[in-house]
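Two complexes, one shared chain (chain A), two partners (chain B, chain C).
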Partner chain A sequence: MSPDLSTLPSAIVALDLTLISQGAEAKIYFSPDHPFIPSSLLGGAISTTISNPSAGYILKYRPPKRYRHDALDAQLTKHRTLSEARILYKLFLAGISVPSFIAVDPRLGLIWMENINGSSLKEWIWAREREIEEQLCDEGEYGQSQKRLEIIKPLLLSVGSEIAKLHFLDTVHGDLTTSNLLLRDGRRLGAEGATGLHQLMVPEPVIIDFGLAQQSTLPEDKAVDLYVLERAFISTHPIHSGEYVEWVLEGYVAGFGRGRKTAVFKVNEIMKKLDAVRLRGRKRSMVG
Partner chain B sequence: MPSKQELPILCRPTVALGLEGSANKLGVGIIRHFPRPATKTDARPPAQILANIRHTYITPPGEGFLPRDTAKHHRSFVVELVKDALKTSGLTPDDIDCVCFTQGPGMGAPLQSVAIAARTISMMWDKPLVGVNHCIGHIEMGREITGANNPVVLYVSGGNTQVIAYSHRRYRIFGETLDIAVGNCLDRFARTLQIPNDPSPGFNIEVLAKKGKHYVELPYTVKGMDVSMSGILAYIDGVANDIFSGNPRYAEDGEIITNEDLCFSLQETIFAMLVEITERAMAHVGSQQVLIVGGVGCNERLQEMMGIMARDRGGAVYATDERFCIDNGIMIAHAGLLAYETGFRTSLKDSVCTQRFRTDEVFIAWRDD
Partner chain C sequence: MASGLTLRLPQFPQSAVHIGLYTSVTNASIIRGELLSGNTRYSYAFVDPRSVLSLAHVLAAVYRALTDMEAGGMRTRTLSSEIVFAFGGTMNIAESLRRFGINDDSDSLLVVKVDTAQVERSNSVWDELGELVQGTSIPVTDENIAALTDVETVRKNYKIQQGISLADRSEATNVISGAIALRGYL
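Moving on, here comes the complex of A and B:
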């Protein structure tokens, strides 16, 4: 996509930005440069929390909506940008796998964060599914697909456990899909509890886009979060969605319930709610 | 030569009578569809509107319409309106192919009175009945009038608030209100302000809002793709009652907040919410068109805001005027006739109406895109 600089606020218009995606609410830009640290000093004189400065940076920009009253627009942009930045920073401090937060300008609607240089979970699963299919065709071993699918399992277990950590902090994402989960190369995962060589290869899932995230202690909201992800699996990866969801939930329960009694109680409640949410769907009958 | 009625339905013009009475408007319409030309497979000639007559039950300021009284209004006027419609169209009952009526959603008692009228006409004239979903009526009429072929639809009225997009032969609901409808919110605030219900409370709010200058901050409740209105209404009712009881509020420039300012702020807030969820649906399905239907769709400020959003996305907004936006019989006739042409009929025993009838329950047999 070509850079769309016409609508950028003057404070950042001079930067070397590339538009990489545009949603209903925000535009996502890539920048090779850190917002305030010269690249010559990064990693050398100044140490940051950024694990890989060469991967560049992401700028999330909420442009003003011209259809809204100015006062309302200013209030919403400020409130939403600030809320997203707060949640991102809180999760980052808590050690959840999210992009490192760098800077925020709530009035202009800007959030700077680390660029995760990796594919989305969606693309990764599609690629694995294609590989499995090709291998099976070559070797003529039908009926083996279930076994081969197991190579996807370790990653989905860790996705589940990452979501569990998020929910354990009473944060719900609001828009969990396989496109909002990115994969970082498997450097960090090897450090904790790797038992075999193949586990070292598992990439680390990173949760992105906290635009609809909120704090909530209700099991209901967490169940809905999981249900949204389940629906995303069903619509994007229909053939094996059953196994995928099962593995994510297995990782979720294990990640949540590790150790504490209260956590086990909480996760049971969420799983019970999830069954209820599945039954009713999201939509009620028409009233009003 | 075979008589007109014996020709296959899709090879001759068809005519439908439509009866609508799901809320306080009683509408009777007659529409004619022409067959698709044999040479072109995609374009159907525009439908011909032969009659579109409406009578509205208007209550005094400060009062809403109650089901029992509304049903009584419909019962008193339906015969007269059907006669009027036939006279306007210059047709006789013999020219009509089917009798269409609103089967839901809506208020129970008014729906029932009109359904009884439809059943009676159907049996009297010996014409098949076609039950129509009210929301589908709005959507199909909007598409017919504006020529928008596959838009994201914002359906906003006194009883409904939905963002709808077509996919695989259903109109699917992407977002909706979690409590009261937007029109209901406006109507009830009009009652609080004691402004007249003639021609409609929403129209009078719009007139007042045009004179408003100061924006009063109100709650803004968008939850994902859904909206919630009841908290906003409770809040602004509180502000209004505060002002009435002699505690004026002041804007930043020191001026007193007026009723006009409140109407202005209410419109700005709830319409911004609606435009926001519509934009989200457009981004989700990758559509450039928005169609606004339903009574609140007449509001020019809503149309203007939606237009700005659509243009910023490189698209366009489609809206109709009060003849087709506000509940009417012609939309019921149109949607009913579309279903009729695909072979759909409602038997007498299935002609029971229902207050709860979701837009996505209807199988859209007449679209195959």
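Moving on, here comes the complex of A and C:
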């Protein structure tokens, strides 16, 4: 039994859990079983199940940190766990694409949520870029860039739009990277008769990992959120990040508040702040 | 003799969760009286099915009550009353017991009994319940539960705004299960 799991009740440890990711703060486990709906009922007799049962479930666990003072650690774990759970639930109520919240145990630092079967945005873009390069290596740069426009842009527009919904609710993610944007299967892209990539689905973006999320009305905080994503693109997709960021922001501006008047003002404020944040950034010299 | 559903929650494999569903109940006020006077023969969670959407909904409440019990954080005196309280989205115990528990005019009942690991059962839970409830036992399925749901009562009891639709039972179960999990924390 790994040292972290040993602090959990034996019943939880007995579940079929597979560690799939580990951060500084929490461990993410996959479970094929729902925490309180027995598998005999899921998808069979029970017609009103929560989420998509075949994708499984995620247990996010914040283990106690022995290097912290006990009382403080307990309080931090409880607070952060609850904060994340609350945000997940509220975003779901507001219709934002996030994993379904299932259950929480703040004392133990556990959150149960639906698992999203799908690659991250990072992996998806890499895969599409590879495909485009392989299939159109003869056509040169123009052909490839057209393909990117056709295939990648629509997805990034919808990513921008989803983030805009989040910000419109005065919630900032806190760690927006292309690894925290997962894609689950969505509608089909392209008509029949298109090129070899015609069968491609435009997946639905799902925002995950609200462990660092907070409520904020400040345009500055939202701009920083966007800037973090921009830096993530530059880091993981250096060649075309300019285009990609432009498309995400285009989707963001278009999707913010769905074009209502007050929203247009707000989003302009955020964009202005984003310019300012870019100037500040890391390794930026303020020397004229 | 018709019986209900017995299952085990994945996180509590040692505890048996028994769920029964009764229609044409005639002695609701008697049961309620016995409950109020603390008759231990009636240590079951009697829930009015009008506020229940689905099996998953019931299990969400049972799960909340069990995890609270494990953590030593129950707010009511017994696991049975905690289960009824767990259906509610607020910290007001009396209000939740009134809204979701048995009423004098309840003509159908959803009954939950959890046998934790230490319990040794000599009689079948369905036999025992058969003696307590004057009504017709029907199979515990989502279809049967759905037939007894009163969506407006659900909306009222959970204070769900008109903007959120409860038409899709799966979605609605999601909404309510989240509220149950976050009771006291929202």
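Quick note on the criterion: the second predicted complex is superposed on the first by the 233 of 288 C-alpha atoms of A that agree within 3 Å, B and C clash if a C-alpha of one lies under 4 Å from a C-alpha of the other, contacts with A are read in each partner's own complex, and residues count from 1 in each chain.
We take it that a residue touches a chain if its C-beta (ideal position, glycine included) is under 8 Å from a C-beta of that chain, and two chains touch if they have at least 3 such contacts.
Everything numeric in this text was worked out from a predicted model, so none of it was measured.
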### Task
Kindly classify A:R80 by the partners it touches after superposition: chain B alone (first), chain C alone (second), both, or neither?
neither
### Query
Is A:D175 touching the first partner chain B, the second partner chain C, both, or neither of them?
first
### Task
Counting touched residues of chain A, say whether chain B or chain C comes out ahead.
C
### Task
Check the residue A:A71 against both partner chains and state whether it touches chain B (first), chain C (second), both, or neither.
first
### Query
Who does A:D33 touch here: chain B (first), chain C (second), both, or neither?
second
### Query
Regarding the shared-chain residue A:R148, is it in contact with chain B (first), chain C (second), both, or neither?
neither
### Query
A:A24 contacts which: chain B (first), chain C (second), both, neither?
first
### Query
Across the two complexes, what residues of chain A are contacted by chain B and by chain C?
none
### Residues of chain A touching chain C in the complex
9, 11-12, 14-15, 33-41, 45-51, 82, 85-86, 89, 92-93, 100-108
### Summary
Listed in rising order, chain C residues that touch chain A in their complex are 7-14, 53-56, 59-60, 62-64, 67, 70-71, 73, 141-143, 146, 164, 169-170, 173-175, 177-179, 181-182, 185-186
### Query
For chain A, which residues are in contact with chain B within the complex?
22-25, 65-69, 71-72, 75-76, 174-175, 212, 283, 285-288
### Query
Okay, in this complex, where on chain B does chain A touch?
105, 159-161, 173, 176-177, 179-181, 184, 215, 217, 220, 224, 268-269, 272, 275-276, 279-280, 282-284, 304-306, 308-309, 312, 356-358
